[in-house]
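Data block below; observations after.
Going by the order they are written in, the chains are A, B and C; count residues from 1 in each one.
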Amino acid sequence: MKYLPLLLSLLALGFVGCSQKADPNKITVQLDWVPEPEHGGLFQALAKGWFADAGLNVELVPGGPNAFVTQKVATNKAQIGQADSTNTLLAVNQGLPLLQVAAVFQNEPSVLMLHADNPITDFKQLDGKKIMARPDWAFLPYLKKKYGIDFTLIPFNFSVTNFIADPDFIQQGYYIAEPYFITQGGAKPPKFLYSWDAGFDAYSVLAANSAWAKENPELLRKFIAVYIRGWRDYLENDPAPAHELMKSLNDKNTDGFMAFCRQMIIDEKLVVGRDSTDSSQIGRLDPARYQTQINQLEDLDILPKGALTVDQVMSTDYLPAK
Amino acid sequence: MPSPVAQLKSVTKRFGAAPPVLDDLSLTANPGDFISIIGPSGCGKSTLLRLLSGLTPASSGDINVLGHPPGETDRLAYVFQEPTLLPWLDVNGNVEALLRLRNLPGTEITTRREQALQLVRLTDRAHHYPRQLSGGQKMRVSLARALTLQPDLLLLDEPFGALDEMTRDHLNEELLTIRDQQNWTAFFVTHSVAEAVFLSTRILILAPHPGRIVAEIAVDFSHPRTDELRRTDAYLRLVAEVSRQLRAVEPANATP
Amino acid sequence: MIRRILPPVITGVLLLLAWLALHAALPASQQFLLPTPVRILSAAAARAPELASAAAWTATAALGGFALATTVAISFSLLLASSRLVRAALYPYVMLLQMVPIIIIAPILILWVGAGLPSVIIVTFLISFFPMVVNNTQGLLSADPNLVDLFRMGKATPWQQLWLLRVPSALPYFFTGLRIAAVLAPIGALTGDYLVGTTSGGNAGLGITAMIASTRSEIPALYATAFIACALGWVFVATVSAASWAALHRWHDSYNQN
């Protein structure tokens, strides 16, 4: 009994202790998925040695269906993670110390995917349909509310099997990658309904542990500068360094698949921004868009009114000066 | 001469290719006989009962039980070595279990059950479950269950073997008291010479390899027999004599 | 009475204190990992209607799958126990079927049955069925051979032997299987919900609710769903234990007389 306080403090120390690290320049980046071209900028920079050149010791940790990116960054097991802006923002409201510091994709590329000959052409027609998607995707209640429709949700199982088998199937898709597997599976290329066309416009972002970011602003700025350079090089020059590295970490990365994804990222201007004419927007975050998102989530009762301000969830301080 | 209760003519029983367990055995049981079967392990005592009951068929020879081939009479009851009670039924349920299998009318079942319970003096335990009973009580339930069948032939396979001596003596006396009220014929397998002498009208000594009858000893003490009998010289002499004959058939190098 | 109530109460209080101490020992930025009971309760209260309907939905699925598994397991074990031939022909496949991971069956279920309550019930069924079939069959085959002799002596019909001997003999085994299934059924319903469930008109189960809470980092709500799932499992197990007691305590050795 008298050991109880001792035991508890040991336990608490363990919690904190395991997140301490020796090398002050070490940055662990938790990816949201297995290495794929959506991480092209990070891998290009790593493969070319630019992080090391900047004095950074960067490790990229592959993710998957259970990556728990926000939790890992919040507990400082990773200092930076790739995630979608909506769930990261909601996590901040739950007390997780996260700060969104740079964009990956200017538009979070989760879309609704339909078979090419599905007669549905707009969101209103989704009324009464079945949709397979991540149940936590705030876009779904947004759709219901905005268009006054209802549909049945099937939890996303990270596979296109059911989509290929069922011509009426509608599912959430990461539209830079899934079309490849669907056409490989013998179906016609699918068509998409884009969330931003409905006015729901989230980012794919890099989020940092906010305490770590405040303590290491220069380190983070260096990291983001190299990261942006990595994207630019990956998209404009030879992607082979990143592709070779990703192939070695994920043997499902065929040359055909990676070339397809990269071309989608370029064609859809996901990294550079749909309204951009050059590469100056890479990584940029717009506080106004965050304000819109916060308002939308408040309207949906997913976020309590006035619980969050833009400054709490994102910062442009670590991006390079324009 | 009344017709025999059970008759075996040249009965042989073998299992597979092994030497016979019982070889060319002939035997007649008359009404009122209480026949104890005694002998070393492996002499086929229990097999003899199973043949009479029809649980096991004979390999050759003729068996007649109450005028029928074995297994085709319902005037026969069997008391097993173990109490063999259904643990999920209380004493009432166990005593009437065999009657229920015969689908007798309910009033008939109740009457026979109550009679049997009175005979074994367990009326006050009617609603107890087997695990609440002592070893002797369980055995009495088993006996009562057999008696509900109102048998003409009762086969008892070492029923009191697991009980302490006092309990066994009391149950022996009770068994004889019941026998004096009813008129069944009994085959009684036992390892206890004293028990055999006390209960029987005839004692058969069986020898093993192959199982056969080597001696028959008549026991002529008058009925009703009481505990007094156990202290008479005639009784003790007969126990000694049976023990001597039994020892003669035991394998020379057998260890107890 | 006090002697029986006090120890678990004291354990409960100590656990609660340890919880609070651990929470306090964590740095402020990490306290989200272990929300206080008060925060969990208030999160549960804030979404009480949602959680209640999720719990009801999952309970329905668990009960449906459990009832289906019990019924099919009883019929199937009667079939298996009926003859050595049937057993030899079917048992290996029963064992094999048991090995199929639910995560692989899920997409097939969505293809054939469609996502929704029927599929979740099938998943629950698959998870809780096998321990019951194995136990029931074993129980039906394990009647005391002396009692089997007694019934043969009594010229019992096969039907009488089944109902008056084999089925009562199998009861303790049946309840063992039932208790395992009672633990597995709510887990099955939760997993099934996660894998092949749906939401329509807010009809999500606890699995989907937990999934949403997890991805949105709503940790107190996640703990709340965990406690509700525990409570659901407890109700299942307690009900089966009560039924088992009612059926067995008078005669079976697992319930001590005193």
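Keep this in mind: a contact is a pair of C-beta atoms (placed from the backbone, for glycine too) under 8 Å apart; a residue touches a chain by one contact, two chains touch by 3 or more.
What you see is a predicted model; the values in this text were computed from it and never measured.
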Per-chain C-alpha mean nearest global C-alpha mean belongs to chain C
Can you name the chain that lies farthest from chain B, using the mean of each chain's Cα atoms as its centre? A
Ranking chain pairs by contacts, what comes out on top? A-C
Taking each chain's centre as its mean C-alpha position, how far apart are chain A and chain B in Å? 86
Separation of chain B from chain C, taking each centre as the mean of its C-alpha atoms, in whole Å: 50
Could you work out how far the Cα centre of chain A sits from that of chain C, in whole Å? 37
Chain A contacts chain C in the complex at 4-5, 8-9, 11-12, 15-16, 68, 70-71, 74-75, 87, 90-91, 94-97, 130, 132, 134-136, 150-155, 157, 159, 161-162, 165-166, 210-211, 302
Given the complex with chain A, which residues does chain C contribute to the contact? 18, 21-22, 25-27, 29-33, 106-107, 110-111, 114-116, 193-201, 204, 207-208, 211-212, 214-220
Can you tell me which positions in chain C touch chain B when the two form their complex? 144, 146-147, 149-156, 160, 164-165, 168, 171, 250-253, 257
List the residues on chain B that touch chain C in their complex, please. 53, 55, 74, 78, 80, 82, 84, 86-89, 97-98, 100-102, 129-132
